[in-house]
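Labels run A, B and C following the written order; every chain starts at residue 1.
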Amino acid sequence: MQQFLQQLWNGLAIGSVYALVAVGYTLVFGVLKFINFAHGSVLTVGAYIALYSVLRNWLPFPLAFGLSMSLSGVFSYLTEMYAYRPLREKGAPKLNLLITSIGVSLLVENSIVVFVSPDFHPFPRVLPSAPITMAGMRIPPVDLLLVAVGLVLMCSLSYFVNRTLAGLTIKAVALDRDAAALMGINTSKTISLTFFLAGIMASAAGVLIGMRFSVNPYLGGFFGLKSFAAAVVGGIGSVPGAYLGGYLIGMLETFGAAYISSNYKDAIAFVLLVFVLLYKPSGLLGKGTQEKV
Amino acid sequence: MMTKTNGFVRRIIVFALEVAAVWVIGSLLREVLPAYPVGIMTIFCINAVLALSWNLISGFTGQFSLGHAGFMVVGAYTSALLMMKAKWPFLPSFITAGLLSALVGFLVGFPSLRLVGDYLSVVTLGFQYIITAILNNTTKLTGGGLGLPGVPYVTSLPVAAVTLTITLWILSNLVNSKQGRCFVAVKEDEIAAQSVGIDTTYYKVVAFMISSFFAGLGGAMIGHYMMYLHPDVFNYAKTIESVSMVILGGLGSLTGSLLGAMCITLLPEVFRNLATFLGGMGMLGPANFLRRGWMVFYATGFLVLMLTRPQGLLGRRELTWPGFKKWIGRVVVRKEARP
Amino acid sequence: MLFEVENLTIKFGGLTAVDDVTMNVDEGEIVGLIGPNGAGKTTVFNLVTGVYTPTSGQIRFRGQNLVGLKPNQIAKLGVVRTFQNIRLFKTLTVYENVRTAGHLRVPYRLPDAFLHTPRFDVCEQETHEDALRLLDMVGLLSRKDEIASSLPYGLQRRLEIARALATRPKLLLLDEPAAGMNPQECVDLIEFIRDVKRDFDTTILIIEHHMDVIMNICERMYVLNFGKLLAHGTPAEIQVNPKVIEAYLGEAQTDAED
């Protein structure tokens, strides 16, 4: 029982990371209908910004965290502005957007390897490392932060998307970009906003995951991909779906590792992905679409 | 009918002569040239096979697969293990490697090719991670995460060059056939393709299997060249390498893939030599940067290409002898036309 | 009876797009399917060609049930369509569009394609010649190497019909072939459709808004309104049917105004 609770907690912690990143995929897919392979890179960039701000003693940790989130948001916005928007305006096929996003992620990853360092950096200690014992579970403080930050950000995002005018424009553009434009929504601005929000969420995940494990150039590629699986499992385009998918994959991974075999931990997300796509291609909470003939 | 048969026999003979010539030239070059250029040429041949195979599924059939490395690794381990553990000779091991990759291609493709566009790329990528996880955990058979040393060396320049020649021949025959046209129709418009009776699922699966077959051969060649295998050699970056070759050359152009493979194979070498040269001149700073800087150059080039010339160098065109002659003719005429 | 539809119904959520439609087409006929916008005409085509699966009802072609078959299987049986919003293989040439569609009549298999066997040569020569013959018939031979999407609108429609003909359909479904055409082009089209019927010995079911086209070439027609069959008969009968005048011709007049 104790072990079960412990695993439940671990799953929740890692699931928060997936959920935070997955929601970015879902938002961007909603408005542009393409998988932004560079979304994981935003996570890496965020982790490095926080790492260096703290490492060089530029800023205290909470400020560094905030700075990382806002700069990553801007970075995400810039990738859209300079990489995807020109293609979109040319009316390029969607495949080109996807390939370009692969190019962006390649550039970010390789630039970090070349200009920063290819090494794994442990995050400086900003929180006590001794685990807190609670109900028989041993919980590292960073996990508490992870779950709490995750919850706060996810609730805020849901509130923003569902209850504010700017957020509702995202939903409108996702439903039908042309119709939204006809209704007077500035779709370009909405798309920029979407990328900015996605960047903020990913960066928070990046900083926290960097604290929990270590910061390295491949952080985003690795967590990004699994988070994408989470977004698809939950139903791409659906914000609650992304959260559900994230926590689900986090849980399955930790329980799979604990009770089946830890060797296949990294494959679990994809096995789940394949099964979900086979039985419900639109994902758990997604709505099906059919091409109009 | 008689003349048709003769045409076929003539083509086969010409092709056999080509293969023989490639073998002889490859063997000669191997004797004459130093190991370094021979190595680069060998790697080019392997890369070209991988690029061609990815081009078939993604460039011609329009199914953006990101699991290519997954099929390479199946081929690599199959051929290596058959030779090492089952003591099979090279050729049957090699072909079995391709066939097993094709079988895996079928198993992966059949369910996932129902998915459209971006989903497919993620499922195939996920599949590659699953394969890697399996290989990492079957330590008894494959050495797992420790790697598999002692893979017999077979991929000499003539072997790689002949494999490339055969691959190119078969694939160019294929794309210039009913099946090849159906592949392109699937890419162009699935609904329209179905409306004229093209079984899109069938052709997608077939393209996927053939692509996997050649990816498996390419992977096997890598193993028999490096004489060592590790699951992590065949990662996402390896797939992206083939992807960039095809995109550089042009999605849907076979000769484009050759061109792309050549550029991408040479790129790190050019930087490495430049770095050595600068190092020799005493400019250690720039030299050190260049040694790794090609990666940034590569990524920047990739992006610039997508933003400015997404159809690649050749687009869907092919480089052919008549086309080349025409081009030369035009250039000459243009020059003469000048006063 | 070549082609029969019985009690065909499809519901999308709460909307019944096609409601209990029964119709038939006999060998060698040209039959019209008309109705105001949104009456469910294209949906009938989508049901017949397997793009949608009907909620209930039967579709039979030469006595064989088409319900549940995939679009490509239906095309293989000889029921081939064109699309209201033209779906060509856009970046391929005119010739390649027609040649690709000829694949159904090419019997060779993968090994022949790999090796370009003698059988391959024979079949390829045939489809090549057939494609050229078809392009000649539809008057596109001189433009065979142009990219399909660069053709003028009217010719794209012709090309789409030629592509369908390359499969040698027994029943050809034309979805608004005259859309966007001027009166002269319409006259040409009428001629063209008659030629097609004669030369290819095919039966045609046609959706069309242009009354002059449909009244000219159809022997019989069905009128749909709100997914339901409103009337059926010869052009002369339909023109004087009060229900049709009320539902359809009234709207056609407003159509003509804009």
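Descriptive notes on the structure:
Rule of thumb we're sticking to: contacts are C-beta pairs under 8 Å (C-beta built on N, C-alpha and C of every residue); 3 or more make two chains touch, one makes a residue touch a chain.
Everything numeric in this text was worked out from a predicted model, so none of it was measured.
The greatest centre-to-centre distance from subunit B, using averaged C-alpha positions, is reached by C. Put simply, the chain closest to the centre of the protein, by Cα centroids, is B.
Between the Cα centres of subunit A and subunit C there is a gap of 47 Å. Each chain gets one centre point, the mean of its Cα atoms, and the points for subunit A and subunit B are 32 Å apart. Subunit B and subunit C have CA centres that are 41 Å apart.
Residue positions of subunit A touching 2 or more other chains: 293.
Counting partner chains per residue, subunit B has residues 191 touching two or more of them.
Shown for subunit C are the residues that touch two or more other chains, namely 51, 83. On the side of subunit A, the complex with subunit B involves touching residues 29, 34-35, 83, 86-87, 92, 94-96, 98-100, 102-104, 106-107, 109-111, 113-115, 221, 225, 228-229, 232, 261, 263-264, 266-267, 269-271, 273-274, 277-278, 281, 291, 293. The residues of subunit B lying in touch with subunit A in their complex are 62, 64, 111-112, 114-115, 117-119, 121-123, 125-127, 129-130, 133-134, 136-137, 191, 236, 240, 243, 247, 289, 292-293, 295-296, 298-300, 302-303, 306-307, 310.
Within the complex, the subunit B residues that touch subunit C are 1, 4-5, 7-8, 11-12, 170, 173-174, 176-182, 184-185, 188-189, 191-200, 206, 316. Partner subunit B is touched in their complex by these residues of subunit C: 49, 51, 70-73, 75-76, 80-81, 83, 87-92, 96, 99-101, 103-104, 106, 108, 110, 112-118, 120-124, 127, 163-164, 166-167.
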